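Got a structure here, written out as structure tokens. Questions coming.
Chains: A, B, C and D, in written order; residue numbering restarts at 1 for each.
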Amino acid sequence: MARFVMEFERPLAELEEKLIALKALDIATTPELAAEIADLEREVERLRVTLYSALSPWEKVQVSRHPERPKTDDYVRGLFDDVVELRGDRAHADDQSMFTALATLAGRRVMVIGHNKGHSTKENVARNFGSPHPEGFRKAERAMRLAGRFGLPVVTFLDTAGASPGLEDEERGQAWAIARCLETLAGLPVPVVVAGIGEGGSGGALAIGFGDRMLMLEHSYYSVISPEMCAVILHKDAARAPESAAALSLTAADLLRLGIIDEVVPEPLGGAHREPDTVIAEVGLRIAAALDALAGDDRADLVERRYQRLRAIGVYNEAG
Amino acid sequence: MPINDWFKQREGRRYTVSGQGCAEPATDGVPDGVWRSCPQCKGTLYQGDVARCLSVCPHCGHHFELIARDRIEALVDPGTFAEIDGALTSADPLRFSAGKPYGTSLERACQTTGMTDAALTGRAALGGHPVVVGALDFRFVGASMGSVVGERIARAFDLARDERRGVVLLVASGGARMQEGMLSLMQMAKTSAAAGRLAGAGLPYVSVLVNPTYGGVTASFAVLSDVIFAEPGAMIGFAGPRLVEQTIRRSLPKGFQSAASLVEHGMIDDVVPRVELRRRVSTVLDYLMPAHASGADAASGTQGGEL
Amino acid sequence: MARFVMEFERPLAELEEKLIALKALDIATTPELAAEIADLEREVERLRVTLYSALSPWEKVQVSRHPERPKTDDYVRGLFDDVVELRGDRAHADDQSMFTALATLAGRRVMVIGHNKGHSTKENVARNFGSPHPEGFRKAERAMRLAGRFGLPVVTFLDTAGASPGLEDEERGQAWAIARCLETLAGLPVPVVVAGIGEGGSGGALAIGFGDRMLMLEHSYYSVISPEMCAVILHKDAARAPESAAALSLTAADLLRLGIIDEVVPEPLGGAHREPDTVIAEVGLRIAAALDALAGDDRADLVERRYQRLRAIGVYNEAG
Amino acid sequence: MPINDWFKQREGRRYTVSGQGCAEPATDGVPDGVWRSCPQCKGTLYQGDVARCLSVCPHCGHHFELIARDRIEALVDPGTFAEIDGALTSADPLRFSAGKPYGTSLERACQTTGMTDAALTGRAALGGHPVVVGALDFRFVGASMGSVVGERIARAFDLARDERRGVVLLVASGGARMQEGMLSLMQMAKTSAAAGRLAGAGLPYVSVLVNPTYGGVTASFAVLSDVIFAEPGAMIGFAGPRLVEQTIRRSLPKGFQSAASLVEHGMIDDVVPRVELRRRVSTVLDYLMPAHASGADAASGTQGGEL
């Protein structure tokens, strides 16, 4: 399968194709070819570094949406043992866009909750492209409550463009389902570790997207609104999304600076999909460290500290 | 009261909560004043009549928009509202300049509304019960929730918890305030957490959703109340109707996201005309306020002498 | 409107019609008519007493289903002030077959929860003839939890043929919704007073049908299965329902004897629908007395005592 | 374990819980024995092969009915099951004689099953965890819940709460036992209350629904568990399919009330083949059992010396 090419990668992809074409020629008949290939190889390498080492916010958004980027279930498969998936909201449906499971990370028993995009079109349809319906949030809330009752730390993986905005999603109380997740997560008497691994779209991400330790992959994003929709609102033109992406301060680096997240997990040149195993292992290490750091804390303290952390978020002036 | 005496006294009482009604419109002897037209019945109305009816059309019942302060004054016991946290003002933490600069929007909103941000909160008494009351004003940047709105709402819940008050919020909103980026989104978590702590303290919270209530505000504190009412005709949802229409690629059913349809879908308790609201909310508080929290000095705080 | 005539009332109804016809004749032209009318009146009265003072279980079932029998909302209208109806399950719909409201009984603030049949065909369609869907039970559970959180005693009115047995009711988890009601009601830290006012059909009735004080109208019933369905299972013949009704021990008197309920509220001759105001007032008196008796009790004691009460229900042998 | 060491050790581990598998069917050298035919694949099976696979067809995976004791023995740690409350027997409190006299049904059920009523309960260890385990046997009056079943289930929960054990129930049932009238119906409330108290004590409860589970048992303790599994092919619901069909006056969709459709409708966590059940439930208990409750002496009770 040819690698999916993001818009901003095209110049590089063209050079790479040219290089492949050159290499296919008969070097015996064209002796000057060797030098040409060497030149082009240097050129490709230079462009690769240039392109990827200073991704713009909009480019990062594209990387975060890369179809080959590791998904929640790749992390689960790569990191956890003794996985018991829990399914269903006990009222309407099992929403496969939200994954919930009892799982063990190197001996640490936790509850995993994550938005779950698919690896194929078929999987994506079944999982609504990772955009939960109300029953997905109710399933997540059920998992949270179970974790809270049995003292299991919660590990969440964020990877959604946002909550599903369909007619029936509205009719079944999308807002109500998200709000209940927020209230439940805030009051959970167990450690909560959040890992942003791809898209972090608005309320649908936030529903499982805050806690006691928050980490994000370097090229993942977390935003109040999608850059495209922001551009439509501001300029009536979705094509101006790159501007909006920059204005929204949605990158991991931005959010670290704003004090909303705690750490940025670096990605290999080109993005997590270039070396998924390395990235998955690194995220596993960071989550394990966060769990260990939070393990000894008193539960009431934990909830109070989480509340104070939330209360401290916001920038305003207070006169007099 | 012995129940037999009560049966005797019962004669003539109403079984359900009734409204206070509004004065008859003055149709003759028109004084000089402002006239406005009703978008629902197309009638031409004397502004004074509309105002006397809490900005409800006396002919067809259409609910005109109300500014936050008027909403609060119409709801709480007369003269008991005392604003808190008025000194908070919005910063521009992201220097958000895509489109119209955020600073400019804020300045204009302050000038046109006379408010410091979209939420107005304060202590008050309601039917004699000590409450913290708040209202969001759609004129102020679409009543969107940024840091100041989030902080005022969270402080409202915290204050109520500290002083054993109920909370009553009159909510309108376009959603989270995108000009403050993730700082805005996180206000959803902050206000929801605060609402949860109030609930944990055994204190009641009633929300009243007015037109329009959408996005991150609906999906957080607005619906975490013990009882949810809505004004007639209010449109309420998470995703806006245009986005939903684009998603499903067909036109929306009639009444979609209307207050009345939300009752049918089990999301809110009732649609309450503005003129009945004070009585209804006050009755709910009669049931839900802990006995020891209510008293004659409902409007005075326990911290300092501030009203 | 002509009074609805139950099957077993027909002989009486025929005599009554005959009496009306006689009275319409010209007494002047037929002097012996006066004596005939007086005879018939005595006959009607004797038959009335005979018929109604020893109703069989199956006849009581018919009385309990009489369309003019007072419904939950008649009790609410007749007994309570400051009623604030609470609607909706916050997830799917507002089920009008289940009525929930904050309400005040002669100064006593309570949560009212009741199955709600209609007074007309239109109302009955809207209320599914008093048979709740899963969302009705979830609405009831929400009302219970609210009452529990704010210390409001719960008063329930039972009047359902049973939970709705439709396809979508099954798909939305009818059993799950009922089970959650049972668990919630059992653990509620407030007094629970139950009034059986009409039909008490199976799990749909039980979901709001047990508590700290249980009273039933004389001609209401409460049963593990409807007499008709029982007859179909036993004899493949619904017409043998009268036998089943007798076998099932479903009358208020039976249940008082079995120790399942605490008191039987007498009905006027012919049934509650003959003098609804009297019956409603009497039920109000009994509920108020029960609430007053339970008012001072410690909440933990209340829950423990309710559990012990449930644990004591059941008849079995225990050898050795 | 330091996570880096663990990463190294990880090679070759499976990410999800796998089954124990069952022995290969003995297709050659047929010894004398009983043959049975599979209703699903129509194959003719040697009884010994079926038994070796926990009464699952080795060809198509069809799950044959299992008697309660065999279900329990197949689930718990070998040799740890010790029955409790075996001395309870059903009375005939209503002298129920419509149709076949209840007493006669009970007698026959006792004779054919060798059980004293439809529920079998006891202490056991499961994956080393102390549990109270129970199973309902459909052969005994359709595994209906009367006073004895209700009492055994309630005592199972109470015992688990007293001794800090988890509860695992293997549920099948036609519903409440109508021959005991309201005494039966009230067992729904009794068992639900008992399940709620176990939950309140922070102890886990796992239920496994097998074919068929209906009526008052589904609508009470069976689904009040923290995790709900079902056997492949199990039919589960409140109202029976015939009643539903009569109600809606059209034929039922394919798979209606099947275990697989209940997963899709969000009602149960998973369909688990019998051969994987022990491993799966034991793993759930690894997560949910309070650390101090599990130990080596899982099978022994704390009250007296009774196992």
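Things to note:
Basically, a contact is a pair of C-beta atoms (placed from the backbone, for glycine too) under 8 Å apart; a residue touches a chain by one contact, two chains touch by 3 or more.
Small disclaimer: the values here were computed from a predicted structure and weren't measured.
Under the touch definition stated at the top, subunit A and subunit D share these contacting partners: C. Most remote from subunit C, judged by the distance between CA-atom centroids, is A. Comparing chain pairs B-C and C-D by the number of C-beta pairs in contact, the larger count belongs to C-D.
If you average the CA atoms of subunit B and of subunit C, the two centres end up 40 Å from each other.
Annotation: 35 Å between the Cα-based centres of subunit A and subunit B.
Chain centres here are Cα averages; for subunit B and subunit D they lie 51 Å apart.
For subunit B, residues that reach two or more other chains under the stated contact definition are 199, 223, 265-267. Counting partners per residue, subunit C has 90-92, 172-173, 176 as the residues that reach two or more other chains. Of all possible chain pairs, those that touch are A-B, A-C, A-D, B-C, C-D. Per the touch definition, subunit A reaches subunit B in the complex via residues 163-167, 169-176, 178-180, 182-187, 202-203, 206, 210, 222-225, 229-231, 233-235, 240, 243-244, 246-250, 254-255, 258, 260, 306-307, 310-311, 313-320.
Those residues of subunit B that touch subunit C in the shared complex are 1, 3-4, 6-7, 13, 15-17, 199, 202, 204, 223, 226-227, 263-270, 280, 283-284, 286-288, 290.
On the subunit A side of its complex with subunit D, the touching residues are 76-78, 80-95, 102, 105-107, 109, 135, 139, 146, 149-152, 281, 284-285, 288-289. In the complex of the two chains, the subunit C residues touching subunit A come out as 90-92, 134, 138, 172-173, 176-177.
Here subunit B touches subunit A in the complex through residues 87-91, 93-94, 96-100, 146-148, 150-151, 154, 176-178, 180-190, 192-197, 199-200, 215-216, 218-224, 237-239, 243-244, 247-248, 252-253, 256-257, 265-267, going by the rule given at the top.
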